[in-house]
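To start, the structure itself, in C-alpha cells.
Chains: A, B, C and D, in written order; residue numbering restarts at 1 for each.
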Amino acid sequence: MKQYYSDYLQLDRILNAQKPVSAEHGTEAHDEMLFIIMHQVYELWFKQILHELSDVLSTFGRDRIDEKQVGIAVSRLLRITEIQKVLVDQLSVIETMTSLDFLEFRQLLAPASGFQSVQFRVIENKLGVLPEQRMRYDKQPYYAHVTPDHQEVIREAEESRSLFDLIESWLERTPYVEFEGFNFWESYRQAVDQHFQVDRDIIHANDRWSDEEKEVQLKEVAGNAAHFSAVFDKEKHEALIEKGRWRLSHRATVAALLIHLYRDEPILHLPYRLLTVLVDMDEWFTTWRYRHALMVHRMIGTKVGTGGSVGYQYLRSTVEKHKVFTDLFNLSTFLIPRSALPPLPDDVQQTLGFFGDRAK
Amino acid sequence: MKQYYSDYLQLDRILNAQKPVSAEHGTEAHDEMLFIIMHQVYELWFKQILHELSDVLSTFGRDRIDEKQVGIAVSRLLRITEIQKVLVDQLSVIETMTSLDFLEFRQLLAPASGFQSVQFRVIENKLGVLPEQRMRYDKQPYYAHVTPDHQEVIREAEESRSLFDLIESWLERTPYVEFEGFNFWESYRQAVDQHFQVDRDIIHANDRWSDEEKEVQLKEVAGNAAHFSAVFDKEKHEALIEKGRWRLSHRATVAALLIHLYRDEPILHLPYRLLTVLVDMDEWFTTWRYRHALMVHRMIGTKVGTGGSVGYQYLRSTVEKHKVFTDLFNLSTFLIPRSALPPLPDDVQQTLGFFGDRAK
Amino acid sequence: MKQYYSDYLQLDRILNAQKPVSAEHGTEAHDEMLFIIMHQVYELWFKQILHELSDVLSTFGRDRIDEKQVGIAVSRLLRITEIQKVLVDQLSVIETMTSLDFLEFRQLLAPASGFQSVQFRVIENKLGVLPEQRMRYDKQPYYAHVTPDHQEVIREAEESRSLFDLIESWLERTPYVEFEGFNFWESYRQAVDQHFQVDRDIIHANDRWSDEEKEVQLKEVAGNAAHFSAVFDKEKHEALIEKGRWRLSHRATVAALLIHLYRDEPILHLPYRLLTVLVDMDEWFTTWRYRHALMVHRMIGTKVGTGGSVGYQYLRSTVEKHKVFTDLFNLSTFLIPRSALPPLPDDVQQTLGFFGDRAK
Amino acid sequence: MKQYYSDYLQLDRILNAQKPVSAEHGTEAHDEMLFIIMHQVYELWFKQILHELSDVLSTFGRDRIDEKQVGIAVSRLLRITEIQKVLVDQLSVIETMTSLDFLEFRQLLAPASGFQSVQFRVIENKLGVLPEQRMRYDKQPYYAHVTPDHQEVIREAEESRSLFDLIESWLERTPYVEFEGFNFWESYRQAVDQHFQVDRDIIHANDRWSDEEKEVQLKEVAGNAAHFSAVFDKEKHEALIEKGRWRLSHRATVAALLIHLYRDEPILHLPYRLLTVLVDMDEWFTTWRYRHALMVHRMIGTKVGTGGSVGYQYLRSTVEKHKVFTDLFNLSTFLIPRSALPPLPDDVQQTLGFFGDRAK
C-alpha cells in the first residue's frame, strides 16, 4: 500500500481546473493563466479563513467559555491575520500583469468578475458587516450577481450571529468590572478628571507661553476632556449608537476599556490579545481592500466596468465602510497615561494575578 | 594607521543623540527611546531619498539626456522604492508601542510633532506636490511649524523645477511620436474606433442576450469610448487641466501613452520602466501615508492633537491628495488590447529596435 | 516657547554625520552615501535592541519575578523580533547597490569593515553566544578589530549573565513540574511508551504492508523512541552536554517541555509565549546572518576581504554557529500528539487555570 | 446568458478537494485543513511558475531571438521571482501550526510527504539542476516516491534542454565580445593588471603603515589578482569545469562578464537584467529551501521521517546544492571598480547605444 502525496492533495482536480476562455476564442492569452490561478489561490485562502472563523464562532457561541478556549480562539484569529498578510503580499504577483495584457482577455470574462466571491461576502457577514453598511450596486442587493444557491449561503451568513455579536455579549459578561469594594468605573472617571486638571495646571504655570498660546492649549485640553463623555455618559453613548457612530453596547465598551487599561494583569492578558487581534484583522482587511482598489485602478483606469464587474470607485468606497471592530479601534480615544491610572487595590490585584510570584 | 568602522560612521554622534525628555521630567518612559530612534531612522532614510532624487533631478535638468543616463536614473528611482517599502514595513515596529505607553511621554513633546519633518516636505516639493494641493493647518501655511531656516529650505524646494516638471518636459521632447510616413496618433485613434466597433458588433450578434441586456452593454461601450475623448480631443484635454482634473500637458500625455503601448520595442523599454517606477513611487508614498494615518488613529484615537501635532483626520486627508503622477497612473484608461494595436510599419519597428536580431 | 521636532531628535547631529571618504579622495562615489546611511540605520536599531534586551535581562535577574513582569518581558522581546524583520527587509535596499559601484569606494574603507560592529557583538554576548562558539579571525580574538575601549565593552558583555543563563535559571525554578500527587515526568514517560506501542501495533496489524515495508516502519519507530532517551535519561543528558550537543540543564529542559506540552493551560500561556519568542529571535538572527552572507557573496564574490574586512566564507560559517536557544528549538523532537498526552488531574488543572470559567 | 465567476474558476472542484484523513480515522484534526490547503496553494503556484518557465524556454530555444523577446522573457522571470517571494512569505502561515497539532495527523499521512512534489522537481530540472547534484534518498533515485507516470514526467524534464543550457548557448552567441578594432578581452586584462598595480603602488607609498602591515595588504592584493586567472586563463577554466567547480563555458563566461561590466550601455541593459533575474531566482529558491528546512526542523525536530517523508538533515543539504546559476552569482569575483574599466572606443559606444542622445 502506498499513499501518494498527489492523491492525498487531489492534485489531479486542483491542477486541471484551469481553462482559459481566451484559448476557446482563438489564441490563449498568456496571462489569463495567472488570472485564474491567482483567484483560485485567493479562494483557497478564503476557505481556510472560514475554517478558522467557524471554530471561533462556535467557541464564543457556547454558554460557558473557559480561558483555555479563549487562548485557542486567539491562536485561530492570529492565523487568520497571517493569511491576510499573504493576501496582501501576493497582490504584487498580479501587479506583474500589465493592463495591456489584461485587456487581451478581460472582455471575454464579462460579466464574471472578482466582485462575485461568495466566500468573501460570507466572511464579511460572519465577522459582522451589516447589510446597511453595504453599497448597492446597479440598484441591486450586493449578492445579486451570484447563483441563487450562493445567494442563499450569503443571506444565511447575514442572519446568523456574527463574531461582533458574540464578542459584544462575551464582553458584557466580563466579571471584572465590579469587584467588592472597588468600582472601576468610578475610579477611572476621577483619574481622568484629575489627569486633565494636572494638564491645565501645567499650562497655567508655564510662564514661557504667551496668554494666547495658553488659550490654544487649554482649548485642546477641553476638547479632549469632552471626548470622554462619550463613555462616561450613558445617554450620550446611546445617542451615538442611534446616530450610527458607535455600535458596541455601553457595558461591553466599559469592559473593553478596562481590559485595555489593565492589560498587564495576567488574567487580562488573553482578553487583551483577543481584542487586539480583532482590530488587527479589521485593519488587514482594510489594507487588502485598499491595495486591491489601487491595483484595479492601475489595471483598468477609471473606466466603467464591463458587465457585472466593478470599477475602482466602488471598491474604493468599501475600504473603510466594511470595518467591523471600529469601536475597539477607537478605544485609544479614552485612555490616559499609565501612570495616571487608578491603582488597583491589593486584593483586586491578587484576584487578577495567578498564585502570587515565584520565589527564587 | 587604523581606520575604525565606528569612526567612519561617526557612531559617537549617531548613538549619543537620544535624549528622552521623560528622563528630564522624572522617570524615563521606556518606550520614548523607540519613539526617538524610529524617527531618526526615518530621517536618515529621507536623507537617502533626497540624495537619489537630487541626482535624478540633475539628470533630467540637462539639455541633452542620453539613454545611458535614463538607465541610471531608473536605478536611482528603483532604490527609492526599495527604501519606501522599508518605510512601510518598519511601521510594524512602532505599532508595538501601545497607546498607554505613548501617552506616558506624549504630553512632554508638545508642540513638537512628527508632522514637522522638513525633509519629508522637501521630498514632496521636489517630486512636484503643489502648494495648492496642501491643506492649511490652523489657518497657517503647511510649513509654519518649523524654524525660519527650515521654512526657507522648504520654500526653495517649492520653487525649483520639480521631477514632475522635468519629466513632463522630457516627454514633450520624445522624438518617437511622429515618424516619417507614420502618424502614431492618427493610427491609434482609428484602432480605438475599430476596437469599440468590434465590441458593438459582438453585442449585437449575441443572440443569448436579451435586448435589455444588450442595451446595458452598449451603454458601457459608449461610456468607455467617451473617455478617450479626453486624450483625442485637445480642447477637452485643456478643459480638464483647467478644472484641475489633469496636470500633464497634451503632448506629454500622448508621448506617455505611446511609450505604454509599445513598451516591448527595445528602445522604449527604459522609458517605460521610468514611467512605471514614477507611478510606483507615488503609490508607495500613498501606502505609507495611509498606514501612518491608521497607526496614529490607533495610537491616539480621534483626539485633537496637542500643540502643533495633528490628528488622524488631517493625515487621512493627505493620503490621496499628495499624489503627483496621477495622470500616469490613469493612462490605463486609454488602453486597448494589445492585439488591437496598430501594427508598426517595418521601418519604424527597425528604428525602434537595435541592430536586428541575433543569428544563431 | 517652542520645542522643535528637529531639536528634540537632534537632527543636526544625525543628518550631518555622513562624510563619504570617496569625496576626500577626489570624486564622491554616489553610492557611498547609501553605504554610510544603511550602516547608521543598522546601528540605531542595534541600540534599540540593546535597550529592550537590557530591560529584559534586568527583569530576569531579579530574585522574584511575577507574571506581570513576564508579560512585559514578552512584549519587549516581540518588539525585538519586529526590529529583526526590518533588519532583514532592508537588505533589499543595500542590494540595489551593484558590486561595480561598491568597488568604487570599497578600497578606501580598508580596513574598516561592517564586521566591526561593537553593538552587534554585545547583543550576541548578552543573548548568550559563548566565546568558544566564535570563530577566530586572523588568529586573533573576534573583538580584535575595534578600539581598546570597545573591546572592554564587548568583554564585559561576555562576562555578565546572559539571557540564556537567566532563562535557564528561571525555568529551573518553575513550580509546576511536580504537583502533589502528580508527577509530570513519570506520566509523560508512560504516555510516550504507550504512544510508540500503539504505533508498533498499527504497523503489525496492517495487512496491506509487506513484511519488508513493516520492518522499515518499525525501524523508524525504534529510532524515534531512542531519541527520547536524551531527556528521559539524565545521564545521557549530561553526556550530551559534555559533548557540547546540548546546553540547557536537565531540570530546565524538563520544565520547558512541560510548558510546551500544556501551553493551552492559562497559567502556562505566557511562559509558552516567552519560549516561543526566544526561538523566533534566534531564528531571525539566523535568517539575517544568512541573507547578509549571501549579499556579501553577491557583492564581492569569493575574494579575500581587504584589510580587516571579511569575506563570505567567514560570514557563512557564523549563520548557524551563533544560535543560542537551539535546545528550545529542538524540543519538538520530544513531543507526542496532543491526544496521547497524559490528562492532567482535575485539581492540577484547576490550579493551572484562573478562577474557573465564566458563566453566561 | 450569465457567466459566473465561480464557474469560470471551477470553484466547485477547487473548494471540494480537501478531505482530511483524520476525519476518516475518527476526530478531524482542526489543523489538517491548513496542511492540505497550504500544499494545494503551493502546487497552484508551482503550476504558474511552470507556465512562465515553459514560455521562456521556448523563447530561448529558438534559432533567432530578438531583443523584444528578451524583454518579454525578463518580465516572465520577474513574475516568477514575485511568486517566489510569496512562497517564502506564506511559510509564516504554516508556522502558526504547532508541532503538537501537526503530530495529531502526521502519522496518518505516511508515507505521503511534501517531499514528493512532482512539479517542484520538474521546475528544478527545467532550470538545470543536474541529476548528479541530487542526493539519493534511501539509496533510491530522487523520483522514486511518486507514481510511475509522474516519474516519467520528471525524467523527461531531466532530459530536455534546461534554462541553463539555453542561456549558456545564448551567451556564447553574443555578438558584442569582439568589435572591429576593439578586443574587449585583451583590454580588460590590461585594465585588471593596471588596477592591481595601482593598489600595490598605493600600499608602498603609504608611510603610515608599518612594513608588516604593508606585507599583509600586498598578500591580499596578490590573492585577489590570482583569482582572475580563472577567467583569463582558458586552461585553468577548463580545469575548474572538470573538477565541477565551474559549469558555464569559457565563452559564455566572458560574455556574461562583458554584460556585467558595461551594463549601462543601453543595448546591454536588457541582457544585464536577464542575468540578474536568473541569479535572483536562484537566490529565492535557496531562501525558500532554507526557510522550509528550518520550519520542518521546528515542527518535527531531528526525528527520522515517517515513511517516505524526509527530515531536516536532508532538506538542509539541498539548500545550496540545487543552485543552478552559481557561476553568474560568482561573477562579482572578477570585477574591478567602474572607474578602472577600459573606456569603450567612440564607435563601439555608438553601436551599443541607440541613435544618439535626445536634443532639447
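Everything that follows uses one rule, which is that a contact is a pair of C-beta atoms (placed from the backbone, for glycine too) under 8 Å apart; a residue touches a chain by one contact, two chains touch by 3 or more.
Being a predicted model, the structure only gives us computed values, none of them experimental.
If you compare A-D with A-B, the chain pair joined by more contacting C-beta pairs is A-D.
Farthest chain from chain D, judged by C-alpha centroids: A. Look at where the CA atoms of chain B average out and do the same for chain D: the two points lie 32 Å apart.
Separation between the centroids of chain A and chain D, computed from CA atoms only, is 39 Å. Averaged C-alpha coordinates put the centre of chain A at 28 Å from the centre of chain B. Within chain D, contacts with two or more other chains are made by residues 110.
Those residues of chain B that touch chain D in the shared complex are 1, 63-68, 71-72, 173-175, 206, 208-209, 264-267, 269-270, 351, 353-360.
Every residue of chain A that touches chain B in the complex is listed here, in rising order: 27, 98-101, 103-104, 106-107, 110, 199, 217, 220, 223-224, 227, 260-261, 263, 279, 283, 286-287, 290-291, 294, 297-307, 329-339. Of all residues in chain A, those touching chain D in their complex are 2-11, 13-15, 17-19, 21, 30, 33-34, 36-37, 39-41, 43-45, 47-48, 51, 55, 75, 78-79, 82-83, 85-86, 89-90, 92-93, 95-96, 109-119, 146-147, 150.
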